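Heads up, the next two complexes both have subunit A, just with different partners, subunit B and then subunit C.
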Partner chain A sequence: METNLITEDKQKNKLEKAFEILKTMASKPSGLIGLSIVLFHVVLALLSPYIAPYDYKAISPNTMLLAPSAEHWFGTDSLGRDVFTRTILGGRTALTVTFFGSLIALLWGGLLGIFCGLVGGKIDDVVMRVVDAFLSIPWILAMLLIVSLLGTSTEVLIPALGFFYGKGIVRVARAATHDVIAKDFIVSARARGHSNMSIIWNEIIPNVRDAILVEGAMRWSWMLLGFSSLSFLGFGVSPPTPDWGLMISNARGLMSFAYWSVIAPIVGLSSLIIGINLTADAFAKALGIDRSTKAPV
Partner chain B sequence: MNEIIESVKNLSIGFNSQKGKQISILRNVSTNIKKGETVGIVGESGSGKSTLALAMMGYIKQGLFPLKGECLFKSKDLLKMSSRQLEKIRGRKIAMIPQNAGQALTPNLKIGYQIDEALKLHTDLNKTERDKKISELLNKVRLPSPETMAFRYPHELSGGQQQRVAVAMALAGKPDLLLLDEPTTGLDVTTQAHVLELLRFIAKDTGTSMIYVSHDLGAIAQVSDRIVVMYAGEIVLEGPARKILKEPIHPYTYGLLKSIPKLSLAGLPASMPGSQPQPGSINEGCSFYDRCNLATDNCKKNSPDLEHIKELDTNVRCFNYKELINQNNNLQTSITKKSNNSEANEVLKLKDVSISYAKQKFFDQLLNKISDQNPTVKDINIDIKKGETIALVGESGSGKSTILKSIAGLLKTKDGQIKFENDRILSSDLKMRNPNDLRAIQLIFQNPDESLNPNHTVEQILSQPLKLYFNLSGEELKKNIIDLLKKVRLGEFYMSRYPRQLSGGEKQRVAVARAFAAKPDIILCDEVTSALDVSVQAAVLNLLQQLKEDLGTTYVFVSHDLAVVRAISDRVAVLYQGRLCEIGPSQNVYKFPSHPYTEVLLGAVLEPDPDIKPKLVAEDIVEEKPPEKGCSFQGRCPRKIGDICNSEIPPWQIGENGNAIRCHINIEELASLQQ
Partner chain C sequence: MKYILKVFSVTFMSLILSFSIANASSGVFKVSHDLGFGKDTNLDAITKGRLFQVVIKTQNRLVRPDMNGVPSPSLSTDWSANSDATEWTFNLRKGIYFHDGSAFDAPDVKYSLMRAKDPDIGSPVRKSLNVVEEIEVVDQHTVKMKLSTSFADFPLLLTDYRLRMIPEGSGDTIGQTGVGTGPFIVDKFDPEGTTILKANPDYWEGAPGVAEVHVIAIPDAQARIQALLTGQIDMNRYVPFNQKKIFDSNSKFKTTVIPTGNWRGVVMRTDTAPFDNPKVRKAFRLAVDRQELVDLVMGGAATVSCDTPVMPSDQYRLQMDCPQNISKAKNLLREAGFPNGIELTVYPATLEPTWPTIAEVVQQQVAKAGIKVNIEMVPSKGYWNEVWMKKPVSMTRWNQRPADTILHEAYHSGAKWNESYFKNADFDKNLADARSELDFNKRKKAYQNAQMTLWEQSGTMIPYHVSRLVVTSSKVKNLDAVDHFSIQWHKVKVD
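For the complex of A and B:
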């Protein structure tokens, strides 16, 4: 009788596993910083309507372009609105739109990539060439076209961003599937007569999930930048909704004498992007997908 | 001759676990390498043999560090040297020959250039002297036509030739010590025998000391003067090769030698229970306590020291070794005879099966046919009886796995039919087969690390076929899984384990259980034991035999290992280049007369006995494609009789004891030639 030899690696349920991964992520300083930044932004986005000191759309000619003070911590903008209020509220749309956008990107990109990787052959060839063709279109132009045709509501922005950022995920998912597909357990499932769907669901997804999730997390930060660029160009959220890209765009011309109204949204945007990037890196390391492999000697 | 070249003293190497505990992989290892001596380090995977060998050239893998002790090469400690100092020793004083020369040679540089690089680095010769030296070295490792060989690329050479080039490169610096880490493990049996013979010659010729690391006692027996047996990071037995192999006085070595299938004996070898403990799991007592049948209470509490026995010139780590000396241990006995329960009716028939890997041309694709005049596998006719174990044997490239894949429906056949039960033709396309036929034929793969989904628990793995074929769920599913686990001698608590938490043998048991979950009629075994350690291999073979006797399953067993095949099979089919050479009941195939290729294969089998030397006949030549006409073995055949072998396909001849041989030489003549 072979006896149980492994004692360190005990059984864990899914929740415990997720907690374990979080703990591993937080064990390194970079991961801890990234996680704290993201957490800070998420909490702020949730609480901001309740803690915002002013109405974000309250225009007042008396308070135009005031420097930071005890009353207006980050000063006011050219229409007299409180920059602090608008900054803490400005992350809300960006976060929601890009979060759901990445989710959509992950879903369609991941599934299509896995499917192409599994079936291969002609279907794979055709789909991948179409994806390549899309990759060659400057996304911002295409986005502008879509937005000007269908409007700038979040219902349009989320799927449009999700579509454009999913293309890269297709390639990653397909490559990850190719790594797995040559393994004998897939051959074994095929020989047993499982359907393609069953093989994708049971055998492939558990093995490529990590790689795709990490890719998705990276895409999230890119999408955030993309979304803010759209807003900056005036094709994102429509005024007076507070948004970082829009705020930067509005205050751009006044930068030389009212720097405060542009610095606050820039700090908000860049800190969130850095935070997501650090978190994604730590996430990848915690899952054992380490891209910095060293030479053996 | 008794000058000590390298001496390892009380060496312990370990790593820090995730919980910060210090875990040692090598524990208190001491040994000496004398000048001109070949020392074989043998042990199963995880015994620390490679760690020891690498430490002997001052290299410690990342994550590991020396805990105590020293490695003295010519009385200087290698482990304390800077990398600059080590550079001067490695290659010049200590050279290494890697396991896989095909990967160790740079693919886009010519052989001569690569040897020249080594010469430039380690000697002060000028260009003309180096050129002379290169052909000298290539001559020494007995490569054919050394002048042209220097201008070839590694991929133009066979595996054995690549390994010879690696030996030549290692010899370039005239090292005092050669380190060989499983140098023949990836090679075919015949090639392996040739390389070992070369190594033995070089050791004698140059007086170089060698450290030969291997899990294969057969290979170790051929080259070593002295053998060091490792178990769980410790030396358990050390002494002269003949003594260790003939009269092992440590229970582990004894069990290991007994669990190796031997050509001279039909039937299954005795298996050793359990598996090697994980590093760090032993706190007190002997590390072999769990698996030892001589163990006493003393062994549980105290760990034995390495004891020197003067009259045998042997070091042994066991309290009760005297029992083994007194036992007059006979390694040849204690083999379980297997019963042959094959029935008369055939369950699977291969009729004129040909398989081609050639890419379909556009026109053929339209017509859905393959036009390849010289397919990889051709004209295979085998009838498989219900309940028998038929083995397909051959070296790599013989098409044995290809045939298996075709039976499973994973590879389309070019011509011929695969008939299952009552002459019903099975479609060669997996998708066209009905689910019941898919259920009836199951596969077990070579490497359980690859064949089990790493993200599934054992329960999920076993539930897949049960759900698919029998629509089981809930309590019934669970009950069936537990039954299956019991059948392969694993407990219920394995259900929640992941493959990474299991040892190699346990993983393969799970794979066996998954195959049996489908209640199959035929199980296709693709080299199922070649990734396993020797002691575990015997246990898996015994399990397969037991299950077959209980359930009446038919096995198609593919292996390159003739001794393993001898142990488990009822009938053997020998393949060369995708063509059948010989087929018959296994006791007859292993007796003469046999096909010249079978003869070559049998001659090259390495037995763990220094007195049985392999017979080397066939040269090792690269044969990428089977010959277009004539006998498939014409290129390497030592008994080739002339043009007829090149032009005509030899006829089948039936010997008096029922084995069929495909050869132009008359069977009686063959018998007298092989006497």
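For the complex of A and C:
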């Protein structure tokens, strides 16, 4: 009974802390704007299948390149498809792929970085040199190679993006771990005979978590841009799936006379990236993290 | 009197000077190519990787198509046949020299054509040239070609854009030098950068209008359009019709629409399941709405084709209708053992700007027949080596050729570029019969029978023959409004 009460208290404290962080983030105009934009995109992504006015695949020569009107709010594209429908659904793909990609990046990058920071020695040296080697390869080239070999399905894109965007997190997590392992409580835990896993789980993660989360949030916006770049080049999701990068790529040649087919996805993509950046910035400030060093101040 | 004479001579000299300046080659004409053959790109016209944007400007044929596609003199001034059209005699133009200074004569003709037939080289044009059994050098300016069968349209075969005359014995180096008798001389060959051609001042039709031609590698179609807009190139012959508006309203550019026999298509390998079943292939082809493709992809500027590669203006083309028929397509799939439909993947690249759009439209159209199409974009560079004739379903594009040539080259069971791996004895027999038939109507019937076989059995879905939208800078003058291979390049000028 007593244990349950303690757990409930802990849960309540966590919720209160999260609420406090959100409140701090929203207290600054930039944070409020960032949060609102991200929230708007998330809600839109969730509701878009239900509010989309047209079938995103429906092609017709009779509705090619129609200008914005009451019938087609954002006009139509070169195959006669409704741009509003494709824009609101386009965010769904980008958010899903990059959200799960960022989670994977956070998990493998964070855990490997913490492990290397804790064990040090030869293992640390070898792993970090391998990470450095991967960092020296332009991610877009490596991604093109992967999608050429394995295809462009989301089952391929999510882990591939997660892998390439996780490399940087390894370094951040390792640096943050180095700041923590010299502290007395780690020495004490070692003296008590705790295993490495126990030290990572109970002592290090609670202390480096914030720095890694902020880095993860930043990686999310970069990954969004990276994913859209891949789609722009034709190597993101496959047609006819609506996707902002693909929509921009298809309509870029029509910009001078059918601007509507390209403006909507550009606004969607850039607003989400700006929103995530502002949110990550406010999140870091609320946690007291200096984003230039990615470590607690 | 002395003064009048002085004035007269100065005026006369000025006139001569201005006349020679006006006729001298000047300016640079910049064009692009898509680097579709990657590292295999070369200047040997008969190979797969030939960079035709260069070859057509540096080398001549014996016979070329005139503005209406009719065989007309080039390096051969005239020709005649024996009574059963099995022996053809060609008289050659005299006083012609290659860029390396050697004289053009009959042994060069024999060498160039026999080389195209060489099995070791394995030229894609070899199949259609197999009809030539022997080439006899009658004298320095006359050759006689002995054919294995009667062939009333033989000169038409020699208008093929790859049958270029090169110096005798130059086969080992031609891929890099591009030596010919054409209006331009290769100065620098850089397939991945800018290839520079210089005007041939001694060209037999007169000095070219421009001093240099730059052929620049730009793999991406949209990048080529931007290059035209920014003045990096002066001509783009592959502008999609949905972008015509950009240039129509801009005085810096000229747009010309040219009906052609060029075609785009989706190729199913007939040696690969499930496309080894003719019913599956026909089901796919029946499920396509060709007119909708013409409207959506080409803005209406194309002629519907019922899977025949023979161009609309060709006398042997089979005229027929082939509207979308979903219920028949479903029935055929059911009969073939696929009652729940089939799934396939196509691999478009942007080297042909309309391929991704064709794939997207076809994807929607055939879905109604239970055919699920996945689209996977692939890099433009190396498409012809790594995707085409390799994947079970690929995208294709062909330039126009005479009926006999295209039917042999793309569908004959022994053809190197038989992209769908199509093998049909009746089809091959009809082609052989057509060649040897001297009666026009019977010959036409045989060619049309072959096209009917394609409609029933073919693995290639050809929705239309395109009209080409050619956009040039307004500085470009005297460019013939015909397809690539009929243009007289020496006449082009750039202000």
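Note that in this section the second predicted complex is superposed on the first by the 277 of 297 C-alpha atoms of A that agree within 3 Å, B and C clash if a C-alpha of one lies under 4 Å from a C-alpha of the other, contacts with A are read in each partner's own complex, and residues count from 1 in each chain.
We adopt the following convention: contacts are C-beta pairs under 8 Å (C-beta built on N, C-alpha and C of every residue); 3 or more make two chains touch, one makes a residue touch a chain.
This is a predicted model, so every value here is computed, not measured.
Participant: Go through the superposed model and pick first if A:Lys183 touches only subunit B, second if only subunit C, both, or neither.
Facilitator: It touches subunit B, and subunit C stays clear.
Participant: After the superposition on A, what does A:Thr96 contact: first (subunit B), second (subunit C), both or neither?
Facilitator: neither
Participant: Thinking of the overlay built on chain A, is A:Asn207 touched by subunit B (first), by subunit C (second), by both, or by neither?
Facilitator: Once the two structures are laid over each other on A, A:Asn207 reaches subunit B alone.
Participant: Using the touch definition from the top, say if A:Ser69 reaches subunit B (first), subunit C (second), both or neither.
Facilitator: Neither partner.
Participant: When the two structures are overlaid on chain A, which partner does A:Arg192 contact: first (subunit B), second (subunit C), both, or neither?
Facilitator: Once the two structures are laid over each other on A, A:Arg192 reaches subunit B alone.
Participant: Using the touch definition from the top, say if A:Ser27 reaches subunit B (first), subunit C (second), both or neither.
Facilitator: After superposition on chain A, A:Ser27 lies in contact with neither partner.
Participant: So, does A:Pro239 touch the first partner subunit B, the second partner subunit C, both, or neither?
Facilitator: second
Participant: Overlap the subunit B and subunit C contact sets on subunit A and report the shared residues.
Facilitator: none
Participant: What part of subunit C is in contact with subunit A in the complex they form?
Facilitator: So the residues of subunit C in touch with subunit A come to 222, 225, 240, 242-243, 245-246, 249, 292, 295-296, 350, 356-357, 359-361, 363-364, 374-379.
Participant: Quick check: in the complex, which residue numbers of subunit A touch subunit B?
Facilitator: Contact set of subunit A toward subunit B: 1-9, 11, 183-185, 187-194, 198, 202-203, 206-207, 294, 296-297.
Participant: Would you pull the subunit A residues touching subunit C in the complex into a rising list?
Facilitator: 57-59, 61, 64-65, 78-80, 144, 148, 151-152, 234-235, 238-240, 249-250, 252-254, 256-257
Participant: Touching subunit A in the complex: which residues of subunit B?
Facilitator: 17-19, 59, 61-62, 273-275, 277-278, 281, 290, 408-410, 430, 433, 435, 438-439, 441-443, 445-447, 450-456, 460, 464-465, 468-469, 489-491, 493, 496-497, 500-501, 503, 505-506, 509, 514, 518
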